[in-house]
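By letter and in written order, the chains are A, B, C and D; residue numbering begins at 1 in each of them.
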């Protein structure tokens, strides 16, 4: 991102609307997650996109005020919280390398002694949640996470969908397996049921696309942006998002889009154009790697149209 | 990299010299590669660093005019060549995801049908070399690679060290295993001995640290820089360098340094600050992931001192 | 076992006593399992051996009337029960191949869709217990297992050690991970806590070495032996014991000893010389593969002295 | 095999003929190996079976005098030769555990430092051939292998099919990959091309079904049988055949058949009923594990009809 690109808000709105129109008619919308009924019944026709720029503009297209389940995007907020509390000591318990495996693989845990590869695969996110849970009640920790997200977004109307959380728990065998496995290896400090229960609730946070873009501003590093984390730390969170934010599709996202991002199985993606914008997109259909099919495409087109890329 | 940082050449030279002095007294210099005698006999005391900025300055510290074996850094140049010839069709034969495994692992090839995860692990680089070799003689292809590197550097005094190439061949069982394995899976088009022979020679290219920084300028994307590849393509090469350029230490490099980079077992690293600078460093001792120990540290300090980071 | 070997009871007793004496002075006794306190506090000095021959003799050496925790040897009895109830349909849920991995690995489950390789690794034994548990209460199932073992041994004084079972449960994260993992893959029918709870109790059965040899007689296939299973079925159980009964040391046991056998982490081994004898041994110290160090050695010496081998 | 079973030669011939008739009309004949044209052009209609009993009878059914490629069955003879020369020291370079993986997997080699799991997977057989090759010319070693096989069979008309050997070499990338990989790990002493070349020729030995049954007699352990190996050693070879002789179908073969056996990709199987018989079968179609589909079924039926099983 060498030089200012001179896009006016009108330019950006025009780009957004064009992308929205293209996505409305996209033939292959991916496949909506169906491991819990609460996600399975969401239509694959939804699409929304929002951009908050460094100079304070917030532009949207589509159903940007409809709440959706942020799911794994919540891992960005809990990571920021945990780094704020523990600093780089957190990385004694979780790595920072891409995994080269599916988001919920146990193979890597076995070969690497219960230390998950990074905070964005499920096992790693469980460790992060376990760390901020230690010494507290789940209710307190969930309150703290919600406060962080609300402060980042500058909006209070952000909540946990309890029926989604309950459904996650009812279908949570794989995450419980990961948690018990790490407990066996000494890398989980709370009872697996407690850590998983907190995690299921954090994943069930619902936000609108506009709220998500607002909440991502703290990662932009823009001069006037809110300082929820230090400049050094936001760079590092962005680095983790770029290398690990899309599971085994992270390299592909970096190659095609060129921006740090984090996806959720609810169809949302949060992407950051450092110094320029916080971008959110929502489209429930997923690609083979579990990332929003149209969401990825939409951010790729936005990046191409704006010239936003961290790579030149 | 939001805003211009206003560093004068004198500022940069001062930073470079300070880093050079710090590295001279660094207690843990890593371990020099010893799998071939030609590398094993290099002293771990060497250190050099060079920066070529977008505005045409070239600054160095240390033994920046002493040639060393660029080894896997050559993969950046053959990738650029292959993308120029085949475009994204190259990715039918090699992926673009981080590997999560050691640089010369065969496990991944078995589970993923002979398609290496990315062009920077050995198997992937063999595929890239195999692609540009097809229909040509090794001698022609090596000539083409040298021409590309010389043109990128703007210097002609860049050569292949034949005794290093011969020694690589004599100790090349693992690369031959990878090549035969991919041949068995139909992903190698030339005889394994031919592809490996070409690859061993490309890895044996010797450059000075100054030459390497000069040769990396085409990846900066600076307005006046040489156009060996298109802006879209250089972003993509940078993306691959950031996610995959340091083997199983790529996430760590992104986290600590925040710049695309590619390391070689000879102790060199090429890193790119998009829009700002091409950076080369050389220190032969390697860390546990096979990347230059002091080279990584030196670039990390440079990035901190200059504020150069792609992440904000 | 081509020809009768003409060993008198006195011959056998002599062999047993000599082995007992040799084991008493063995310098390397292995390492007592220490993952639960109830096993860790057992002395590594214990040794006992018992042989029940096809003609009804029962000979012992050492502390053959001291109870010990049979642990994984219980898997033989639950397998016999499950085969009796479900026949070969059981093998829709568990394989019959050696695993080539540690007894409690999850890697295999991930690559093979939650179907454990065989009934003697932990995951496979959990599936077997889950099968006989379905539609019943744990208490009923444990009663049925105890009845089977008591009938096989012809003795009633065989019980579950409840503090061992409780301790297994308190340290059972890895088995719970396996169970949750299989539940996620649809290969566990009861709640993981229930299946694991039953399994922890079955492993906590205590028997004396003499009782264990008595209980193994039904696998001998001797003309007058009790018919708890059909001749065809006992061959198949013996086949599974030979190929899979010692985890990743099964090939070694077959090579050195040449008899079907099943070991437990409590230091017991049950081995079968088809048509000739049921053999039990107990010595708490384990080798690197988790099988009784001296127990293996003692059976190897017995096999050599008697000429008992299934292989010629 | 507890008691003599009193089968007359006429009984056995009747059993054989009935099996031959059943196999002639079997609907699913498996799939003929097609990785080299020399095997691909063999009809899947062939079937032959031969039994040599401990009392010197030799009975056959089907095309028992038609030569076929013994392929991996040759590994039994080279193992016997290597054990004769090196004894158990051979096992410093190759394990004796079932692999739990496909016959030509490289994954295991990477995780276990170039030591193949057993002598019957390809990597292990290459090590065995490499051991007997060391210090000799391939021609000499192949002569020695042929002499051993001819002596075991008591027939001289056994030869290597050179066009099969040449074709194996032309399609030998995977074996060359294994060999180079082990060379890289220091577990191959001759140049990979030399070891593989010798191995390709040993696999190209052609025998008739009758000759194969004759050649297997030395593993029976019958009182009057030829003593090519000691009784202790033949038991151990049988143990390896039972646990590892059918790749990842070894457990299945032990479960269903209950006899030590070794299969080849040419459709042959050699099985041993210790003390009773040497059994050979040939039917070119293979099952999913790479073992003769009808060959396995035929031996299973023979074992059931005769009561031959090592397990009771």
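As a convention for this text, a contact is a pair of C-beta atoms (placed from the backbone, for glycine too) under 8 Å apart; a residue touches a chain by one contact, two chains touch by 3 or more.
Predicted model only: the values in this text are computed from it and were never measured.
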Fill in the blank from the handout: Sorted by label, the chains bordering both chain A and chain B are none
Practice task
Would you mind naming the chains that touch chain A and likewise touch chain D?
Solution key: B, C
Exercise for the section: Could you work out which chain's C-alpha centre is the most distant one from the centre of chain C? Expected result: B
Fill in the blank from the handout: Between the Cα centroids of chain B and chain D the separation in whole angstrom comes to 48
Handout entry: Gap in Å, rounded to a whole number, between the CA centres of chain D and chain C
Key = 31
Handout entry: Cα-centroid distance, chain B relative to chain C, in whole angstrom
Key = 55
Practice task
For chain D, write out the residues touching at least two other chains, lowest number first.
Solution key: none
Practice task
Kindly provide every pair of chains that touch.
Solution key: A-B, A-C, B-D, C-D
Completion exercise
Listed in rising order, the residues of chain B that touch chain A in the complex are 1-3, 54, 95-101, 108, 117-118, 219-223, 231, 234-236, 238-240, 242-244, 248-252, 254-255, 258, 260, 272, 274-276, 309-312
Exercise for the section: Provide the residue numbers of chain B that touch chain D in the complex, in ascending order. Expected result: 105-107, 109-111, 173-174, 176-181, 183-184, 192
